[in-house]
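Next, two complexes with subunit A in common: one pairs it with subunit B, the other with subunit C.
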Partner chain A sequence: MFQVTIKTDYLRNIVDATSILVDEIKLHFTPDQVYARAVDPAHVGMVDFKLKSEAFEEYDVKEDVDLAVDLDKLKSMLKLPSTEEVISLIYEEEGQLVVHMGNLTRHMSLLDTADMADTKIPSLELSTEIVVKTAEVYKGVKASEAVSDHIALSANPEGFELTAQGDTDTVSLHISKDQLVSLKCKEQVRSLFSLDYFSDMVKSVKSESLKIYLGNDYPVKMLFELAGDHGEVAYLLAPRIESE
Partner chain B sequence: MGVNLRPLAMPREISLEDLGHKTIAIDAHNILHQFLSIIRQRDGTPLKDAQGRVTSHITGLLHRTANLVELGIKPVYVFDGTPHPLKMATLTSRREIKEKARDAWQQALAEGDLEEARKYAQQTSVLSPERVQEAQNLLTALGIPHVEAPGEGEAQASHMNRRGDVDCTGSQDFDCLLFGAPVLVRNIAVTGKRKMPGRQKWVQVSPERISLEEVLSSHGIRREQLVDMAILMGTDFNEGVKGIGPKTALKLVQEHDSVEEMVEAGVAPAMEHLDEIRRIFLEPRVTDDYELRWRPADEEAVLDFLSGEHQFSRDRVQGALEKFRKFAEGRGQKELFDF
Partner chain C sequence: MGVVEYLYGPGVEETLDFVVRQVVQSPEKRVLMVLGSCQVRYQGRARSFLDWGERILIVKEDGTSIIHQPSGREPVNWQPHGARATYLLQDRLFTVHVVHRKNRERMAVSFKKIEMVFAARMDDRARVQIVGMERDIVDKIMENPELIEPGLRITQREKKTRSGLIDLFGYDRHHVPVVIEVKRSQATISAAQQLRMYVTDLKRGNDKARIRGILCTPRIPEMVCRLLDDYGLEYREFGWQHQLFDDQQTSLEDY
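So, the complex of A and B:
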């Protein structure tokens, strides 16, 4: 049983960041943070976020509680023409979450957590770390969408590059080391990704910069902050392997 | 075929889409038999090419596999090896049934009774070594993996499922549960309306999923007891006890644990080859030597074989190949748990 109040924008950020991969999510409320982890049905993309109690306006969680929510329901609430700055979530009765938004109250039935398996995180070894302005990556993604379904991310000690190869056209965005926030890269790495997933992930990044961990024909990990520095979202995305 | 565990199996109806992105080990002989028996004309004549060679099995295999890969399902076909000596009696009686059915089919045709003709015709299907070879050649050309079992195909498929190399076992045969398949999926060969034999009646057939764990826990029994139940009811390897069906067998193992204890309590006769049959199911002859790799189809080879040799419509074969092409492209996408 608990009661929390959070800025509407923060809740929207979480719902946006997770609903690109799944329709339902199991949220773990603990006395000092909320976290959740989910993988899409095709096992291609994973989201893993945590939000510390400090990110909330009010946070009163005495013991661990797992809630499985239908993200569409939360989305429909967040779409309402409301200017309320905060939303309260109250869990008092098994199977039901009460959502208060100003003078609006919704009793939301929850899903059965027993039907939702916990998601394991694959252990990845990623040596290259790139910190880049989100706006730059966003530009590269938008340009790539016009020519291809795939995007290649590559890095070497001199810089970071996004390339998309279409049937007739190609797009590339090169960001040299001095234009990056930081770069740790010893050798050339390159992996190819589905642009469907990658662009959804990039578009849900709300922080000014984005940390990317890259390997060779290997999943990419992207980290960004949420709610100032009180929360963090990690995305994992499996690569496409060219011509086996 | 196999033991009828249906009353205990608690199948859950699913749709083929639910199997999307999953791997499935399909009991090849079982599914090819279904194609041969179902894909027939109204009077029971199977599909044939211009030379009179039966093509029902390869038609079914092509289009059904295309439907599976279109949904992103990754099939691997598992073929029977050599049968266990105890299965000979079953095989002989199946052969006799087929011979009788062939006569009955001819007679029904002579009398102009198409209903009867089709019914008997369906029982005449023979999966000859040549037909198995044709199916294997087609699968190779399509880039779909196939495995030859040392013994029973369903035992090998169940073993691959147990090892976690595939997500489920595809067969009509409940024996897969005895072989320890964690997840059995039935009705993948034909879905939609299926005609009831001998009647002008159609039933809706949907795929169904059976979980071994659920079957065992809901009846409070162990797999060894399920095997003992099957032995009492009769399997492909023994006759069974007259009058013992699934319900009685369940009650017996729940009350007496094993066949030995039933014999002691005087509620069941001593069963011949008891330990041997148990071993067939619990320690089946299987191999770990297989490779699950899905490759792009060799389209030219597929067209040569189906349209060239057997006069399948090129357009229809191309239509199916398109699905395999998309499947191969989609496979470039790795999964997170591959790493």
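So, the complex of A and C:
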């Protein structure tokens, strides 16, 4: 049983970041943070987020509670024409979450957590770390969407590159080392990804910069901050095998 | 492609020598193809003899052997996998004996003139994937009955009636029983009649019983629509997207 109050924007960010992969999510409330992990039905993309209690206006969680929510329901609440800056979630009764937004109250039935398996995070060794301005990556993604369904991310000690090869056209965005926020890269790495997933992920990044961990024909991990520095979202995305 | 070895217009002895070196003695499995003029004798479930003609013989790496004439989809003679081929010279002819012990069948192909012979190591690990089967559509409707109409509930798949199996059975939002027959291609008169029989079976002689029948197919010709109207049955044009799996996308479970 708990009661928390959070800025509407922060909740919206979380719902946006997770709903690109899943319709339902199991939220773990602990006395000092909320976290959740979810993988899409095809096991291609994964999201792992945590939000410390400091990110909340009010956070009163005495013991661990797992809640499974239908993200569409939360989304529909957040879409309402309301200027409320905060939203309160109260869990008092088994199977039901009470959401207060100003003078509006919704009793939201919860899903059965027993049906939802815990998501295992693969252990990855990713040597290259790129910190890049989100706007740059966003620009590359938008340009790539016009020519291809796939995007290649590559890096070498000199810089980071996004390339999309279509049937007739090619797009590439090169960001040299000095234009990046930072770059740790010892050797050339490159992996190819589905642009569908990658662009959804990039578009839900709310922080100014984005940390990308990259390998060779290996999953990519993307990390960004949420709610100031009180929260963090990590995305994992499985690569495509490059055809010869 | 692995190794590909070939000869154009070899003599019969040269062909035998080539096959022995490139197929029989090859450490890896190879596919053999011979193009030329041949005779075929077959003995097994029946006996047959096919006189001289220009044909293609393929002996696959699993023993499957096929002889094709210049036209037609079906091979003129064949042996399934598990057959064994042996090669020899018989009466100055390059002869392939294909014996299937389990099926007690044998086929002998004798070439007098060979235009081309090749042996190849072929690499192909892909499997054919088929979409758009009737079952796929039934699955889709099972998953989401609202595709047919709001409030529809499916309670049974492959429900038995005297006339056969009903693809899907359920109830609409007014709790009226609904029989759904799915066809993967254009609706035919016989599909309409089949649906009518199912509905009649379920009415058990009580013509006043209210039972709905819906024919779901991607396309319904005007004539079939009229027939269904006459029968008091309904139809839905139910399209779907063919989507093949993307075998180049890896999964996070692989890591």
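For this structure, a couple of remarks:
What we mean here is this: the second predicted complex is superposed on the first by the 243 of 244 C-alpha atoms of A that agree within 3 Å, B and C clash if a C-alpha of one lies under 4 Å from a C-alpha of the other, contacts with A are read in each partner's own complex, and residues count from 1 in each chain.
Following the convention adopted for this analysis, contacts are C-beta pairs under 8 Å (C-beta built on N, C-alpha and C of every residue); 3 or more make two chains touch, one makes a residue touch a chain.
It should be emphasised that the depicted structure is a prediction, and the values quoted were computed from it without experimental measurement.
Bringing the complexes onto one copy of subunit A puts subunit B in a clash with subunit C. By the document's definition of touching, of the two partners only subunit B reaches A:Pro41; subunit C does not.
Once chain A of one complex is fitted onto chain A of the other, the partner contacts of A:Pro239 extend to both subunit B and subunit C. By the touch criterion stated above, A:Thr83 is placed in contact with neither subunit B nor subunit C. In the superposed pair of complexes, A:Pro122 makes contact with subunit B and with subunit C alike. When the shared chain is aligned, subunit B and subunit C each come close enough to touch A:Ser194. Once chain A of one complex is fitted onto chain A of the other, the partner contacts of A:Pro219 extend to both subunit B and subunit C.
In the three-chain model built by superposing on chain A, subunit C overlaps with subunit B at stretch 186-194, while the rest of 150-158, 168-176, 186-194 or 240-248 show no clash. In the superposition on chain A, subunit A positions 39, 42-46, 122, 124, 194, 218-219, 236, 238-243 are in contact with subunit B in one complex as well as with subunit C in the other. Against subunit A, in their complex, subunit B makes its touches with residues 20-21, 72, 295, 331-339. The part of subunit A that touches subunit B in the complex is made up of residues 39, 41-46, 120, 122, 124, 194, 218-219, 236-244. Residues of subunit C touching subunit A in their complex: 246, 248-255.
By the touch rule above, subunit A contacts subunit C in their complex via residues 39, 42-46, 122-124, 194, 218-219, 236, 238-243.
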